[in-house]
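When the chains are written out, they are named A, B, C and D in that same order, and each has its own residue count from 1.
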Amino acid sequence: MIPERAINAAVICGLLAVPIWAVMADEIFTITLTTRAVILALAAVGLNIALGIGGLVSFGHAVFFGLGGYAMGILAFHAQTFTPLDLGLVSVNGTKSMPVIWVVATAVSALAAWVIGLLSLRTTGVYFIMITLAFGQMFFYFTISWSAYGGEDGMSIYVRNGFPGLNTLVPIQFFGLCFAALCLALLLQWRLRGSAFGLALNAARQTPERVETVGLNPMRLKLLAFVISGAITGLAGALFADLNRFVSPTMFSWQLSGELIILIIIGGVGRLMGPVIGAAIFVALEHWLGGLTDFWHVWLGAILLLIVLFGRGGVIGLLTGKAGPHV
Amino acid sequence: MKNTILASAAAALLAAPALAEVKVGMITTLSGGGAGLGIDVRDGFMLAIQQSGRDDIEVVIEDDQRKPDIAVQLADKMVQAEKVDVLTGIIWSNLAMAVVPSVTAQGKFYLSPNAGPSPLAGQGCHPNYFNVAWQNDNLHEAAGAYANTASYGNSFILAPNYPAGTDALTGYKRTFEGGIASEVYTQLGQTDYAAEIAQIRASDADSVYFFLPGGMGISFLKQYADSGVDLPIVGPAFSFDQGILQAVGDAALGVVNTSQWNKDIDNPTNAAFVESFQEAYGRLPSLYASQGFDTANLLISAIEAADVTDADAFRDALRAANFDSTRGDFAFGPNHHPVQTIYAREVIKEGDVFTNKIIGTALENHSDAYAADCKM
Amino acid sequence: MSTVLIIEQVLNGLQFGVMLFLMAAGLTLIFGVMGLINLAHGSLYMVGAFAAAWVAGATGSFLLALAAALAAAAAAGALIEVLVIRRLYKAAHLDQVLATFALILIFSEGTRYVFGSFPLFLDIPAYLSGPVTLPGGIQYPFYRLVLIGVGCVVALGLWWLTARTRVGIQIRAGENDREMIAALGVDISKLYTLVFAIGAALAGLAGALVGAIQSVQVGMGEPVLILAFVVIVIGGIGSIRGAFIGALLVGLTDTLGGIFLPELFKLFMESGAATQTGSALAAMAAYILMGIVLIWRPTGLFGARS
Amino acid sequence: MSDPVLATHGLMKSFGALVATDDVSIDLRPGEIHAIIGPNGAGKSTLISQISGGLASDAGRVEIMGQDVTALSTAARARAGLGRTFQISALAMEDTVFENVLLGVIGATAGAWAMFSPVARNRALAERAMAALDQVGLANAKDTRCADLSHGQRRQVEVAVALTLAPKAFVMDEPMAGLGAEGSKALTGFLDGLRSEAPILLVEHDMDAVFALADRISVLVNGQVIVTGTVAEIRSSDAVREAYLGAAP
């Protein structure tokens, strides 16, 4: 069996090697594809903090992905049309600066996660899954009919937003930014898992009564985890919007929430690199299977079934021979 | 889905000095709920390519699954990896909005075989963007015009609550001279229209206009027919297309709808198209198939006239629209959208098959309302 | 707005609710007895509709089509229970979600492979079509009244099945205590397959009945599935009575919300904007209802208190 | 007589028509082990939940060191000095013994909001956890996953977690349950020494253990305390005999 550390190192090296090879071979689209995998991985890393450590099976994480996306879309839309953004009391100008957009995206997502978490954490189990789904659907239907920002058509941002000192239009540079964000999130998750907070949160998933009897409030632990989780997924949403230079309500769809969960299960729930491996495999499957047959969904479904039935603990569980946390 | 089809490979052996090879990227919907439309566009397009016998056009086809982010990703792939010269194929307005501005900004040509969202016809128009089907409002405007000639005085109008839906109702109201009894927005993807039909029954309207594409239209028509409400209905061609008429059945019989194409338009190109499409695919061609066919023929006409690497010359060749359209006369307006005649057609039954028959002209040489906003 | 219109809309809401109940009953039964989240329930609805459309096309008989829908959905349900679901009873909810999501992909694209990409035709039989006049001069489609009737009969039948029959006693015992029914000498895996097939058959029946007035197409099951989940969560997971009440609540909220919210907004907004805002809110209404119910009662209206 | 560490005054809880606890007033004095016994269904578990904060009472008060904690949450009562162990082990089974005990230390130092420093390498915290493990004699098993422990060892971990909180009072829900004779004997010896740390309110079925440990015993029947007294008093009480064996003929 392979130690998990070796797998983690291999994954990071692989993620770096592919685009570097692509630059040498002038396979620009491979960079785009890898960037997509990296951003989806980032979103799933966010979810993994709530789901893998805290046991919060959120079927509505698309809310934060979408909010991040719309934060980017709205700010850049106002910047490219030179119209001020009216916030009621104040009106601000839009911006095409990535750092500003990222701050707004994470802040808005964190705030939304706090409100949604506060309400949803009253429930547990399947009820939690469903109430988070309900919030997702509310946002989805709202943006579909929100004509000011394109409704179902969404919004195109014609030029990718800028980052000081970089030319984000060059695919490999944008990849570098996304990769750095992913590494930071992974570092955060790693430190978090080993911290007092991570230990308490992990215990709150398994036995909330115990956490209470040592004088801690499991609800607050979970709420904070949910907020951090939402903020990271929100950042991923902003990056995803910049990758596509486009936002639309599909970023809020329940299918997207489901896909994020699936990425994590494929890779391994609660594992540091689970979401990354899951995203890489998912994007690769989508790309290669799609090239083989019109009816590739059937094969995707079959592969997912095999993973559930025979690969408990996801790919990492399979490779390390150790089952992951039970959610 | 990837199909690299070299039209008429055998012809490649002949040493005809061809112009530079043209690579076309087609992004369309081939799986999931809306796959029927994409398949028709693809089949119509490929039929024209095959009939041309050209060996210098390579078409790369990919499935967008009707998801905007997948479409954007595929467009990146077409531009970055496949290095195509021309893109085409997108069915849905929201996908077109996601893809078209970015690919035209990168200097590629985009020929739209179906979607024509208003921003791309007005302020967001682009010299490299050509719409071969219609501006989204066109068929709705034609429906309003038809309602005038049918002397309807008061219409109940409904559409899903999304941009194409609001555009549709705006389009109808733009030409319709009568009153509006009520204006109702339904949910996107709604399948039950009992509540709306009850409102229609309770209203004092003398006609109903609806825009409910795909499965929504099937549901509405079946439920409307069963409700006992007998006000005349008008709609755009999308709910009365060859692909879905069979699923609506008798409920659609006699309904008037507006379209820029029908299989009985009397010209040699159309007759040949209808016959060869049936021969090749074993079904009647749809509106979408005709649009795919016309798009391919426009492209071929431009390739014959100019080298695709000379963007200005190629653009002029496209703008000339020097090809035989299945619609008869075809010309582009100043914003590269069609100026064309739109017909009123009626659903009939030919033997066992439901289809349409032209009963009159709704709008002659019609352009669109946004051309004035287009500065290029 | 006239009384006649309001009554008609309430009937519409009831009819929608009753159809949702057919979906939700199977879901809640399966969750209550086996603790399984079955996302593929919408696929069974689709299987029912396609089987009905195919048989109706071949034979012209609506009753045969309904029978085919029941049989096909039950068979598909039993098949996936034996092949896949059976291995997941002890698995975490997450694994169940992923596996049944995979089943959706397989069913949807498989159906498209077999029947093609265009919608199929399925119509109301002549003897059920057309409107009838109700007391008070309300014109209402006969078929929809039949749907309400069928739904109520099924609800009564389910009540009878669970409350009065041997299988029902076993099912209720299974909800409470799996070891208990094993001790009673019941073959638990057969019972599970049976319950799954019953739930699937109900979904198939709903698909066929609704397919006759809607569009029989790939992907038709998913929107209904999500609403059915909303229903069982509102009602309390595992409770048939909760599913019935929840279904009627959601049906009425959805239908009446679509009518009255735009009217409400017209009182203080310009007409076009009011219609749009009202419709947007109506689309969210069922989910808002569910959110409120869960915040008020975290295990639904009739769910077991934890 | 010194002031009680833990006291209840007239606690009531009913579930519909069933009265689970009825006017229960008991106290726990420094240095003592006070056992609560009673037949099944007498309301012992309900009482424990009311004291520890898992169940809200219909009426009555709970006081820790004279402070009214009736309105406080479980977590706040723990911070006020209540160290509780569970009947069915409520440990994080996927985690190691050390991590479980460390959780107690984190709770005791209210340090769960430290999010970036590796807690396992914090020497001060680790030492406190190891001290507790030493005390229960489980230092050797510190890296074992709780799922792999025996019943008895899990009880010991439970106690170790409670110890880390340096509680003013222990509340133990059937610590002997599921232990063999050997295990009970060992744990009895351990608890005997523990009373010097803090007094113990002990709910227990194992009468040998109760009679060996308890300074006082309260007998709960049908939700009411029918008698409180020393071991000798309880042994000779007619009321207790009646409650357990039925009325004498």
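FYI, a residue touches a chain if its C-beta (ideal position, glycine included) is under 8 Å from a C-beta of that chain, and two chains touch if they have at least 3 such contacts.
Predicted, not measured: the structure shown is a model, and the values here were computed from it.
Engineer: Measuring between mean CA coordinates, which chain is farthest from subunit D?
Structural biologist: Farthest chain from subunit D, going by C-alpha centroids: B.
Engineer: Calculate how many whole Å lie between the centre of subunit A and the centre of subunit D, each centre taken as the average of the chain's C-alpha atoms.
Structural biologist: Chain centres of subunit A and subunit D, defined by C-alpha means, are spaced 43 Å apart.
Engineer: Distance between subunit A and subunit C based on Cα centroids, please, to the nearest Å.
Structural biologist: Each chain's C-alpha centroid was found; their separation is 32 Å.
Engineer: Distance-wise, how many Å sit between the C-alpha centres of subunit C and subunit D, to the nearest whole number?
Structural biologist: 49
Engineer: Roughly how far is subunit A from subunit B, centre to centre by C-alpha average, rounded to an integer in Å?
Structural biologist: The separation of the two C-alpha centroids amounts to 36 Å.
Engineer: Which subunit A residues reach two or more other chains?
Structural biologist: Only 141, 144-145, 147, 295-297, 326 qualify.
Engineer: Residues of subunit D that contact two or more other chains, please.
Structural biologist: Touching at least two other chains: none.
Engineer: By residue number and range, which residues of subunit B touch two or more other chains?
Structural biologist: Touching at least two other chains: 31, 161, 166, 185, 187.
Engineer: Which chains touch which?
Structural biologist: Here the touching pairs of chains are A-B, A-C, A-D, B-C.
Engineer: State the interface residues of subunit B toward subunit C in the complex, per the touch definition above.
Structural biologist: Per the touch definition, subunit B meets subunit C at residues 31-33, 35-36, 39, 161, 166, 183-187, 189, 191-192, 194-196, 198-199, 201-202, 214-216, 218-219, 222-223, 226-228, 243-244, 246-251.
Engineer: Using the touch rule from the top, collect the residues of subunit C that touch subunit A in their complex.
Structural biologist: Listed in rising order, the residues are 31, 37, 84, 87-88, 91-95, 97-99, 101-106, 108-110, 112-113, 226, 229-230, 233, 237, 276-277, 279-280, 283-284, 287-288, 290-291, 294-295, 298-300, 303, 306.
Engineer: Would you pull the subunit A residues touching subunit D in the complex into a rising list?
Structural biologist: Spelled out, the residues of subunit A in touch with subunit D are 191-192, 194-200, 202-203, 206-207, 209-217, 221, 224, 325-326.
Engineer: Hey, which residues of subunit A end up touching subunit B in the complex?
Structural biologist: Residues 27-30, 32-33, 36, 141, 144-145, 147, 150-154, 156, 158-159, 171, 240, 244-246, 248, 250-251, 290-291, 293-297 of subunit A touch subunit B in their complex.
Engineer: Would you mind writing out the residues of subunit C in touch with subunit B in their complex?
Structural biologist: Interface residues on the subunit C side: 1-2, 4-5, 8-9, 12-13, 15-16, 108-109, 112, 117-121, 123-124, 129-131, 139, 141, 143-144, 210, 212-220, 223, 255, 258-259, 262, 271-272, 275-276, 279-280, 282-283.
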